[in-house]
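Next, two complexes with chain A in common: one pairs it with chain B, the other with chain C.
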Partner chain A sequence: MSQYQVKAGPEAFLPPAAASMGVILPDPGECHIEGRIAPEEEGYEYAARKFLEAKVPTIFPGPLVLWNWNENATKKAKAIRALADALPARLIPMADYRPKYPKIDAEAEINPNHPNLTIWHNKIDVCIFVGVHCHQANLALKIIRGGTDCFTMAMCAQAGHEDACLSFRDASVEKITKLMDAVNKLKKEGVKSQAESFVQIKMTSSGRVA
Partner chain B sequence: MNKPVASPNRVIKSQHVKLGTKNKMDQTYTDINTMFYDAERTPSFMTGSEVIRQAIKVASVGTSVAYPITPQSEAAALIGELYSEGYLEEYFRGESEFAVMGQCAGAAFGGHRVFTTTAGPGTLRAMENFPMWAGSRLPIQVCVTMRGVNSPLSIQPDTLEASYLLETGMLMWHAETAQDLYDFILKGFIVAEQPDVHIPIATMCDGFFVTHTKDTVMLPPENLCLTPYDPYKSPVPCMDMECPPIRMMRDPFVMKSNYISYSTHASWQQEVRAAVERSRKHTIPLLDGLIDVENIDREILLVSSGTAVSQGREAIRLLEEEGIKVGLVKIKTIRPFPHEEIKEATKRAKHIFVPEFNMAGWLAREIKAIVPNNERVVAGPHVAGGMTMPSEVIVEEIKKYLGIEVARK
Partner chain C sequence: MNKDKITLCEELADIMPPEYHELVETATYGKEGRGWKDIGSSKELIEQHSLCAGCPESIAFRYILASLPAPENTVFVGSTGCTSLVFPHVAVQNIHSLFGNQNAIASGLKRTLKRRFPDVEKDVVVLAGDGATVDIGLDMTMQSWFRQEKFTTICFDNELYANTGGQESGLMQKGFVAKMAPAGKNFDKVRLPEIAREAGCHYVAMLTVSKPNRVEKAIRQAVMIAREIGPTYVQLYTPCILEIGKQSMEGLDEMKDAESIGGRFVMKEYISDQAQQLIDDMEAEEKAKKKAAKEAKKAKKPVSA
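Showing the complex of A and B:
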């Protein structure tokens, strides 16, 4: 059996879960890059380079960092905002997990049950999930891999996501900051962001405000 | 499909904030590795039902819900004694097995470590709840003390009910002995509750053969107990008044008929099965592999699970006396099914016999589906309905198949 690789799609009408194809999650201190286990340090540079090469780099913050439910969530949210500013990348929230009917505002939000709509609408080519519950993140990552060409990444607070093309585990403020440091280091070395200009949409808990 | 995990040195270490502290019963919250590999273990002579009690006594279980059905009733009653002594926070009798499993779901949604027991028709009556548990990512443990399910009524040992559980999305571990049962219950909580797994587990044993016979079991000290379940490691939102599970159950996508709804449902089912696969990484170090093997270089192998393995061991000894050499593969986990391990262990075998305590031969079917040249697999011998499987019956099956004359007394 050839080693299954978790590449950007579009892969299939219904792609398999990567775990069912033999992809194993990283241990502490490791990450996975397209299904290959690698040292975490390698992942930071790989992720930073992917972000800087992207036209529409996007961060999808989930409920665990969107809501001020504990002190650590607030710190993580600030670190994520700093990462977005450093890249620059747009922030599109996944505020909760229920499907949006009759129609999602695909420009402003993402949902795990139909994340491809947001990817397609905004032409997002590289993204990272952070603060999304693992089950919902895996659903979304697999659906994105199935139907879009977006390179997906995950900064997971637990064991990581093999359905992302690149995944960190045990996410913390320090790790988010390390990713930002990797971005800044590449920029100092002359790597320029290829991101198209954009206006960050502003939202509150009651919806879009600007 | 799944490749074997090639890292036997991976161990799960608890990072729970209560690790090293004491509970109200003066037990110290202890890492599973310490309980099983460092702490001194002493022998006790007890029935399988008593073993279940002993395991739950040190498992830091929050809620257990009971309903009487033979042969698990005694274990359920013994857990009630533990509750009266203060070892559990909640224990009550449900209205039926269906209700019990729903009540277990409620307790697990609320963040408790949950344990229950069932058997035979009880398992089938509760069936709708098992895929619901898995889909809701609830790491509930149900100990299934297997018995007959059919009419005319039989309360006797029979492993047919396991076949109904195969596609529920639960982990399924099959204990051969009382020692297995003790170990599987405690280790099962740890594996099932890993954030990347987080699905229910059925720890199964053969009713009566394990539950009602006494055996020597090595136990760690009773003043140690597992670290508690941490609901904030859950891959789905914890239930609270802001996020009751009914919102996920009731709201669309469940009710919609469109491509997005279907696609999400399919991906959801894939994710549950992916969680089963992820459990391999945690199970292999804790159970020392998904299978045990003995003499697998031999041309004839017995491959089985549960009590049939014990009978197989004696059959191998009897055959050895006649100069017929047979190897053994003991399957410990039915889900995840050890595809690669079984393929590797049986690659040299010319004949693979699968003795089972049921009429369906579900385990033989599982093995036939994954090994090359599956005409090598002989589904049998089978007994059911409470029959024992004398070792001589296995001997006879093998000799008959090989064309060796069987002497009748």
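Showing the complex of A and C:
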């Protein structure tokens, strides 16, 4: 039997869990690219290239980096903002995990129970999850792979995600910065971002300001 | 959770939707004397709810969340049922337990929190329906009271299994015919408040949620007594308007009828002597604070010529 590849969808209404298809998680120092275990350095370049090729590259920061619950969260948030600026990429938050259908503003936020709405609405073709708790990330990644053609990536603080098309493990400020460095390196080599121009949404307690 | 941790990372704050900014800026975490009167003037700790339109449980949730003495240091333990649909929308730490296990989970949690945070008062509050509290989980509920576990148990009594279509429950009234119990109930409503008193609860209250000030007082007292003395129990009548054939607007009337003289839910309280002493002390302290504040205000007033 040939090895199952975790490719961008749409795969099926209920895509199989990649783990059940024999995809394993990377060991420390490794990543997985479409189900294949690879050295982490290869992953940075692959991810950077995917991002730069995308029309709507998007970063989905989760509660672990949006809420200021420890010093490391603040540092990660800074690194994520720097990565978004370097690409450039949209930042769309997954602020919590409650179901928000049908109230969700799909342009400005994403929710793990129906992430496909945000992907479809914004026509996102490449995304990365950072700071999302594993079980919610797994749920969202499967739904996205099932119903959209978005290439998914996950910067996981634990052991990685088989259900992402590309996954890093043991996320840290250094690793987010390494991904940014890979983007800058490719840019220096002449690879241009294919991203469509956009205005980053900004909000306050009184509503959207940009 | 510490109140200081309810802030946003500055670098990404501007991408957060308004409701999260409001939660940080105007919610009443850490506010002394918080209560139901904050509703409308501050951010509530419930964003939306996924219950039926007009469901009294949603009112109960709002009053309870507004009345907790320290929501930032409270953990709810819930169980399967209509209440479990709401917890994802609540900005207080919560755990969903296996059906009926809520008081066992809460026992372990309370003891662990006590050991992990010896200098902080962490409140544990069980909030479950009557099926989880009285039928499937009665063993766990009562054993926690026998052991004098220091947490509050709140039961949302809608007198049947509403979430699954209207099966008979122990708290259902005698003779009631439900959709999934067509023969009618053959025995009386379980008298859990009396059982709670005999099982060792230091504070027991049974009431409806038609009057927010009553709910606030009951919840506040229950949490404070559980913190200092031992187990407490609050049974709130939150009728399932769908299962008793009422319209969305009729939930409040149903509760008012049920608490009027001769009704099933005329408010009752049982308070142990020890708990009464604590309540008296708390009230005296509150009075002294108000008096001091009044005098301070008076002293600040400029003397007119």
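Keep in mind that, in the parts below, the second predicted complex is superposed on the first by the 200 of 210 C-alpha atoms of A that agree within 3 Å, B and C clash if a C-alpha of one lies under 4 Å from a C-alpha of the other, contacts with A are read in each partner's own complex, and residues count from 1 in each chain.
In the analysis below, contacts are C-beta pairs under 8 Å (C-beta built on N, C-alpha and C of every residue); 3 or more make two chains touch, one makes a residue touch a chain.
Owing to the predicted nature of the structure, the values given are computational and were not obtained by experimental measurement.
> Check whether A:Arg81 is in contact with chain B, with chain C, with both or with neither, and answer first, second, both or neither.
Touch partner of A:Arg81: chain C, not chain B.
> Let me test your reading of the model: by the given contact rule, A:Cys134 touches which partner, first (chain B), second (chain C), both or neither?
Only chain B is touched by A:Cys134; chain C is not.
> Would you sort A:Asn68 into first (chain B), second (chain C), both or neither based on which partner it touches?
Only chain C; A:Asn68 stays clear of chain B.
> So, does A:Asp27 touch the first partner chain B, the second partner chain C, both, or neither?
first
> For A:Ala18, using the defined touch cut-off, is the partner it touches chain B, chain C, both, or neither? Pick first, second, both or neither.
Only chain B; A:Ala18 stays clear of chain C.
> One more residue to check, A:Ala159. First (chain B), second (chain C), both or neither?
The answer is first: A:Ala159 touches chain B but not chain C.
> Please indicate which partner A:Ala95 is in contact with in the superposed arrangement: first for chain B, second for chain C, both, or neither.
After superposition on chain A, A:Ala95 lies in contact with chain C alone.
> Once the complexes are superposed, what residues of chain A are shared between the chain B interface and the chain C interface?
Of chain A, residues 97-99 contact chain B in one complex and chain C in the other.
> Using the touch rule from the top, collect the residues of chain C that touch chain A in their complex.
5-12, 14-18, 20-22, 25-26, 47-48, 50, 88-89
> With touch defined as at the start, can you tell me which chain A residues reach chain B in the complex?
1, 14, 16-22, 24-25, 27, 63, 97-99, 101, 112-114, 133-136, 138-139, 142-143, 158-160, 162-163
> Could you pull out which chain B residues touch chain A in their complex?
That would be residues 1-3, 5, 7, 10, 137, 194-196, 198, 233-237, 247-248, 251-253, 256, 260-261, 263-264, 266-268, 270-271, 273-275, 277-278, 281 of chain B.
> Within the complex, which stretch of chain A touches chain C?
61, 65-69, 73-74, 77-78, 80-81, 91-93, 95, 97-100, 103, 105, 108-109, 200-207
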